[in-house]
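Letters A, B and C mark the chains as written, and numbering starts fresh at 1 in each.
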Amino acid sequence: QKLTFSLKIAISSSLSKIHLNVSHGRLCASSTSFSQRNNSSSANLKVDHDQTTGVAVMHMQSPPVNSLSLDFLTEICITLEKLEMDKGCRGLIITSSQPKVFSAGLDILEMYGKSPERCGEFWKAVQEMWLKLYGSNMVTIAAINGSSPAGGCLMSITCDYRIMADNPRYSIGLNETMLGIVAPFWFKETMVNTVGHRNTEISLELGLLYKPAEALNIGLVDQLVPEDQVLSAATQTMTKWLAIPEHARQITKSMMRKSTIEKLRSNREADIQNFVNFITKESIQKSLRMYMEMLKQKKA
Amino acid sequence: QKLTFSLKIAISSSLSKIHLNVSHGRLCASSTSFSQRNNSSSANLKVDHDQTTGVAVMHMQSPPVNSLSLDFLTEICITLEKLEMDKGCRGLIITSSQPKVFSAGLDILEMYGKSPERCGEFWKAVQEMWLKLYGSNMVTIAAINGSSPAGGCLMSITCDYRIMADNPRYSIGLNETMLGIVAPFWFKETMVNTVGHRNTEISLELGLLYKPAEALNIGLVDQLVPEDQVLSAATQTMTKWLAIPEHARQITKSMMRKSTIEKLRSNREADIQNFVNFITKESIQKSLRMYMEMLKQKKA
Amino acid sequence: QKLTFSLKIAISSSLSKIHLNVSHGRLCASSTSFSQRNNSSSANLKVDHDQTTGVAVMHMQSPPVNSLSLDFLTEICITLEKLEMDKGCRGLIITSSQPKVFSAGLDILEMYGKSPERCGEFWKAVQEMWLKLYGSNMVTIAAINGSSPAGGCLMSITCDYRIMADNPRYSIGLNETMLGIVAPFWFKETMVNTVGHRNTEISLELGLLYKPAEALNIGLVDQLVPEDQVLSAATQTMTKWLAIPEHARQITKSMMRKSTIEKLRSNREADIQNFVNFITKESIQKSLRMYMEMLKQKKA
């Protein structure tokens, strides 16, 4: 348990005020001095940036399940941009402050009953988040402390390393097909780069969600740890990664990912148009409505 | 055990006459009503199309070992075309009625001592079968109830899912090299898409045939079941696949496979020419003759 | 244990004089007649070419650790060229005569404090070795009887098959990043073709060296055997490979590798320029100096 900070200041603020906060009902001492931390929060993101280690932890705290709405995606992108520009930040850990879920993925409400323009704006933000994460010069680690379907899985597989809570009630996967929608080519390629062609094919065609042990087995995550150790394991792994000669690591990462990134970069407009045409179809809108009704009934 | 049907009617016939048939020496009740079945058979194919479930089972029954001759390939292509056009058919299970073998692969007699024109016609039919199967909108499952070398393996890996009889006397693999011939690039790419680059490299260079357990281990098949359960397991799996939103599944399948398919589609003539030039070489003809003589001696 | 031969004659010599040599302190009988061997040695390479079997064993004996200097690379390339042209040579086993090491990889001294011209010449020789090995028509087997970092790993993964000594003190991997330098795209692609994209990504970004058991697990080597059986296991495996129809095997190998080879062939000059620009940077030179000093301190 670490002392966490919660500052309701604008993301763009460079002020570094520190408020104490009781995390999970306990007040604990931080292992680093306060003055070396540079923390910021927007409504839905809390960023702990430890200047000593050069590691930022981005806590997603958008209730109830960190759904990726246009607003939330925009916050994430602004934060990523800021951390990427900050030479003092060399590593980023992404985790969730919401119980039981890392992120539920793209917000269905952004895809249902919206104008083509709004859908396009939304999709552009999804692209932007992927481009920023998959191409980041920082070491990125997903500390997956809950379920991580669809867009949540996408965020995870853009990172350099994935540590997941070993809780069989959680699952992870690109399950878009089960909603009647289709993962675009860059979701697909990110997954192929992670688990290979055949695992991706069967996984995307069936919209599979994997239990942590299964995810580890096919390489969708790299490591399982007890639920209360996800963040500390991520921090330990980060230390190992940050010990690698940085410039060589960055060039190598770019070499591994640039062809995939370039494919989206040079096709962003067509990809947006493709998404908008698909999602605004009457049949797809109907699928989404049915899916949302199913979710409501599940809750009730 | 299911009641099967055997109708000696033309493939093009739309009549649906039903004859009872004793399968494996036993007469068993079918679980679906007769009137909902639409069955057809040519000399070498028996197709059970269950209109209730939308699943067709294509039994290969070309004695002795379902070798893929030009005639048999043509029958298969016509049947595939017909099922693909039939909106009532959403899933296809491919299996064998011959004992101990799924398919022995391309018929060597079509490659030995034939004119270049005939060889070209043959190869075009092989391409056609691959294009139809690998690009099918139907869910395709290979119920591999016997050995499946060369072209038999190719048919299997074009499907969405492979269930094999767990009998160590059976084997599967693209073993063309052992015959002195070369698997073309689209055989190779289908295999790379299934088991990855390195498994394909070593497998094709050595012309390896895998026992079921080995095939499962490298991902060449997806599931092993006792020999008498291959078809029932395929039917169960089919039910699961048909529950997936169809349109999204089809688009996803196309996304995974289209670059490989496109590569052959845009190079069919060159690929035919390449095959004809290679297979009609004196040295290759000699290899084939030696291989056939070896097979004869084995039998004797 | 086999009788080995050591002839200090020029590589280009076609004479076949045979001197007896005591290997590992024991004199043993060879299983093939002397007159069928055609052996040659340069200062740093000893080649046993058994004309009966068509197999050449190339022993690297460049003290202390078979570092790939420009001179050594040139010797290797000349030998490979010679064997490739020799119709009597169908298989090549590469192994080391130095204790505990297969090859320590590229010679750092060739990259430190050298003129751009010299660096370019060096890099061209690295390319040449890779092109000759990865595209060889011979069956190539790496008999990895010691540690095999960086360029040593590269040589290994260009071969058709890798057998490694099961000694946990040895390791293998493309660990360039740990030296602050970057494996070029063709190192990367050779590794992707061997262990897949994700293993390559994590391996290259962290500059990982794998223990033999780990290397086997990810597919970086194909087989582990006790240390004193590496060469005999390679010889046995070679026999199996040479029994495969040769022409079909060669065409298949070429089909698997040609796109990767073509990518370097058509970009050699740009790749050299890229290397020279990178390696002559002040920051990189500093990294190399620090690495060499670290090595010196380790020894002291």
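Just so we're on the same page, a residue touches a chain if its C-beta (ideal position, glycine included) is under 8 Å from a C-beta of that chain, and two chains touch if they have at least 3 such contacts.
Protein identities per chain, from UniProt: A, B, C = Enoyl-CoA delta isomerase 1, mitochondrial.
In this text the structure is predicted, and so the values were computed from the model without any measurement.
A.B. asks: Overlay subunit A and subunit B by their C-alpha atoms and let me know the rotation angle in degrees, rounded to the nearest 5.
C.D. replies: Rounded to 5 degrees, the superposing rotation is 120 degrees.
A.B. asks: Do subunit B and subunit C, two copies of one chain sequence, contact each other through the same residue numbers, with over half in common, or through different ones?
C.D. replies: Mostly different residues: under half of the interface numbers shared.
A.B. asks: Report the inter-centroid distance (CA atoms only) between subunit B and subunit C in whole Å.
C.D. replies: Measuring from centre to centre gives 41 Å for this pair.
A.B. asks: Which subunit A residues sit where two or more other chains touch them?
C.D. replies: Those would be 196.
A.B. asks: Okay, in this complex, where on subunit C does subunit B touch?
C.D. replies: My answer: residues 160-161, 192-196, 219, 222, 240-241, 244-245, 247-249, 251-253, 255-257.
A.B. asks: Using the touch rule from the top, collect the residues of subunit C that touch subunit A in their complex.
C.D. replies: Touch list, subunit C to subunit A: 176-183, 185, 188, 196-198, 200-202, 204-207, 283, 287.
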